[in-house]
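Chain lettering (A, B, C, D and E) follows the sequence in which the chains are written, and residue indices restart at 1 in each chain.
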């Protein structure tokens, strides 16, 4: 095993980890900051990827240029999901937790069915984007451009989300999670706050979807490949902690890459899950969890 | 300023309020008296838009019944709820500042902070502490402070002295009087009847969801049946 | 067939393939130069039409089993054709044996299926052992021809029944042929990233990479190899994902030069004249060319229909007798095979695979040299 | 006189805040002890230590000479400590009777016996009319009664009441006082925390005053309320005159 | 009057009534084979009842005890593999093997519970998903038990002890009725016992439960053991019924959710919820995929998904609340 190989592995682990973090960013917001388990997270990612594909084919624009459009689109989707479903799920007085889980689970199945209905089961890819299949070499280490771009976008997205969470809106969001009834008493419209929160979460997923579409295949099932990792990332980082999700994403990416190198690759996810469980044994609230 | 006309409210078919009519004039302290479960909290929550109701609620002559609670709050009606309902994981500072959230864009929106720290100096000392770790009395101060931050015109207090040590009880009643002096109208629910009646202008007596008596605070305090029923004398 | 789920597209294509073949058998049209190509239904059964009933296995063995039972007891089918994944074939073949209904496996390639002592199981297409044997035969021939023999191979296969079965045979054959196995990589299907796996392949740098993957991972691995600028000397795929149109369009230029075994040679139109008209019909329906799977499906139904026709009664037992007696020549099918003839396990022993290579975005046949339409580009 | 419960130099800090420091006092068999002190003095924290909910950092709590501190709430409850909570905790998916049965199962495995016990305790607590009501539909004073009934069902030797009379009108408080007296008469020792002096003082036999996590003073209720430090820290001006 | 027959107070009355209705339902189910003759419907009924049992098993941990486990496929798979391996390798008939499977399933539930019960809320739920996934991956790569290829249970001969039936479904029907009945009666017994009360107390308020001498961790472990054991038995039955097992079909995360879903939609923490939930959900799922799925359009998934959303929103307390008879007292949570 050469040093080069190890370096290359560490690098791809890092790049992949940042992508996991990017996918988890939106989840961290919805899951961590609003305390709603969103089982349709992977499906939102899939929707974003299809949106990128369709717009790319329709407008001929490069995915990178589509970034704002898809983000806005997903923002709308997120708001709509909140207004149509989640607001209702939150207002039930009766085993709210489970209702949330299974409403989003049902939604996930529905979205998957819809994607199948409209796009069929074919695997699609975007090949003619600026970044597609491009790689730069640096001292014998290869850096794939689409992943690099995704990592940069990931860091930007986290910086942005972190900044937002520090604003007054961020505190209002936290307050709303703490006590959904009481915020009304001080003139905060909880549905608006949460709808925007969902919109932001979904927009973050939208960004992740665009970046993924640059180098990953697209199919109605694609969300499932990332969803579980996203949940684990958020839980490992700790609910309510954006920074935790970022670091957890990197940890998971590295663990995955390294275990694929030293273990049987088909068991690499076992390595990554085992690390997660081990951490939870010592820190039941994840690395940086507050909740 | 506030007028209720045959207001009814129910929880899952259980009537908690039935045909309440009640008026609060600008600048008054009005207190509502009643046994446990009489519907006092429900009454305040109805006005704040947190309970589904029938009947009319008029604020400054405008019907506000059915309005969402945050809209009512923005009109200047504010409730310090039973059990305080703070945001326990946020700091004292954040709790207070969020009180002014609805007024974003108004440069003066944090002005009431001075008043709050003046009324409750303790809060000024604990700005960085998480609200959840405050002691009971401090939490009550914070709840009132947060309500003041919204610059209310009508402040409703639900049992502000509950769980408060005797020394602070008097402070809180004193604060209520001071707040009124600043031009805020007050609707007060209290179990410490004698104290409440001593600072109130007028009072209503609630029994199983109905108003059974109303009058000036002095009249009510003097009423034989009230003394028997609620003061245990 | 899995009509939903990750394998959904395969199922949808298969459905179209069967419909095309049923139309050929039932419909009226100019004669297509192959068995059952005249149209007009089943002659011996008074021109009866083949009626297809589709069921969705969702790739789930339990589901496949229940659906098979439904087809038999509710829809009263006389035979079942299917079913892509080996796991579903395993339960369906049990059901058909219990109910004594012929089961025509069109595209399962697991060698274990016909070795279970099933009486009602028939498979027209070659299985993995035959396929892999063809690959190694190709290595020998091409080595002799170009003077660049294969010395080492890298196994790269998904952690499914298909992947492990395929790799087991390849490992065995590599040993028998005296080749080094430079890498033996079992990977997790549908992983978000295969970059570490690609690096292991690069580190091993075998003469030939032998992947057994479905479409999703086929796409991932060629991209991951490209990302670390690894250009393998040769890739010879166990068909599956590598033969799908989604892979060819998705991988684009990256697919160029990849070799794959196939049971179908779409470009061998001289040797198999029926391909052109069938191809046209399929294209009209599904807007894509026939591939390894769809051609096998068409052939499976064709053989089955012929057997039903020859049975004269349409009763399952008679169909089985007719199937056992099947002896069809390759020229009467669209396949490049020698023919169709079942052994006592129900396996077609005359299904001889070919090796194809991607050139300009489509597969062209390069081996056996007698059916090849062009020369292979070998280890540049 | 034998001490039923001994609190011996108990300290507990929460991330820098000394909720209890070096607290010592004794509780006699059969008395009603009032635990008073300003908000944040550490009363609830001490209850948590006595009931085993938290483990003191140092010091020991003994019941009949047996150490109970640090042995967890389950052991404490088994040994005879029962409590109510400052913020009412009820099992909301269960009816009143079922709530109390949970407590009764502390002493028996038989559902039949547990049910009988629960019914008699509910009768005692004046909730016999509400047995089939889901717990979350009770009014606040009823919920507090439910907590008392549930605690009594565990057949405790000591009952810790944390602000159980709060939020009641004086008349209702009288009824609560009567219930507490009845409990004591049935042989259970009581420690109670309460801020409403008018109700508390006539009820208790002795008072321990906490301030800033320490014992400020202890003694007869009449003595304690005259203690200048208690007036300054806790009672405020209006008791100064009295 | 009814009171004196059924018991002197409301709880006893309700429990006796439930038992009587349970027996009636059981009798009704036993008569089913006389009415339903076609194999497809029988298949459907068998699955539905099997899932009712599984959902009840889940309900014991997830419903009564409030530990929302999304990794039950692990115990299901372990039960299936244990009994199948015993049968295929050692020839031990599955009628015995399924109890071994249940035992091992229960053991694993304890093993998983040991670390996971220290986690709360979503942390617990995700940890169970992950544990389930680890189990799945390990089984997928474990060659001794067939790895990804799975195990085929060959049909040898008709045998009741070995649960081998060529085409008839009737014995299966009775077997799953016995299984679901067992799960139901266990739930019924526990509901009225100390454990049942402990679990519900733990679910509602851990702190208060502890203060009443409820031993929280052992309670959860007991619930896990019973739940895991019943799930394992269900897995063993399923394996024998299908005749083929592989990790994909019996250990995937989807299955974990499918085990939990009927209980949640039917009414979580109730005696009848799992039964009602399965009775609606499983036929719906199977029928829609049989009749709509073959078009491959995803329409069936859309309907199935939308239905889950609708039920969860419209009937948060579960479908069971539509049936007034077993309703918990007004407004119960």
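Convention: a residue touches a chain if its C-beta (ideal position, glycine included) is under 8 Å from a C-beta of that chain, and two chains touch if they have at least 3 such contacts.
Just so we're clear, the structure is a prediction, and the values are computed from it rather than from any experiment.
Enquirer: Using direct touches as single steps, what is the fewest number of steps from chain C over to chain E?
Expert: Minimal hop count between chain C and chain E: 1.
Enquirer: Please indicate which chain is farthest from chain A, where distance is taken between mean Cα coordinates of the chains.
Expert: It is D.
Enquirer: Which chain has its C-alpha centre farthest away from the C-alpha centre of chain E?
Expert: When every chain centre is compared against chain E, the largest gap points to B.
Enquirer: If you average the Cα atoms of chain D and of chain E to get two centres, how far apart are those centres in Å?
Expert: 43
Enquirer: As a quick test, compute the distance in whole Å between the mean CA positions of chain A and chain E.
Expert: Here chain A and chain E have centroids separated by 32 Å.
Enquirer: Averaging only over C-alpha atoms, locate the centres of chain A and chain D and give their separation in whole Å.
Expert: Inter-chain centre distance comes to 49 Å.
Enquirer: So the centre of each chain is just the mean of its C-alpha atoms; given that, what is the distance between chain B and chain E in Å?
Expert: Taking the mean C-alpha position of each chain, the two centres sit 50 Å apart.
Enquirer: Going by the touch rule set out above, which residues of chain A reach two or more other chains?
Expert: Within chain A, residues 113, 116, 121, 220, 264, 266-267, 269 contact more than one other chain.
Enquirer: What are the residue numbers in chain B that touch two or more other chains?
Expert: Counting only residues that touch two or more other chains, chain B contributes none.
Enquirer: Could you check chain C for residues that touch two or more other chains and list them?
Expert: 4, 8, 11-12, 159, 186, 188
Enquirer: Hey, which residues of chain A end up touching chain B in the complex?
Expert: The contact residues of chain A facing chain B are 168, 171-172, 174-175, 178-179, 181-190, 290.
Enquirer: Along chain E, where are the residues that touch chain A in the complex?
Expert: Touching chain A: residues 68, 115, 118-123, 125-127, 129-131, 133-134, 137-138, 140-141, 253, 257, 261, 264-265, 268, 296-310, 312-313, 316-317, 333 of chain E.
Enquirer: Which bits of chain C are touching chain E when the two form their complex?
Expert: 3-4, 8, 11-12, 15, 54-56, 58-63, 65-67, 69-70, 72-74, 86-87, 90-91, 94, 97-99, 110, 112, 116-117, 159-161, 163-165, 186, 188
Enquirer: Write out the stretch or stretches of chain A touching chain C in their complex.
Expert: Of all residues in chain A, those touching chain C are 1-2, 5, 8-9, 12-13, 16, 19-20, 113, 116, 120-125, 127, 133, 135, 137, 142, 144, 147, 215-217, 219-221, 224-226, 229, 256-258, 260-261, 264-269.
Enquirer: With touch defined as at the start, can you tell me which chain D residues reach chain B in the complex?
Expert: My answer: residues 14, 17, 37-41, 86-87, 137, 139-141, 163, 166-174, 195, 197, 233-239.
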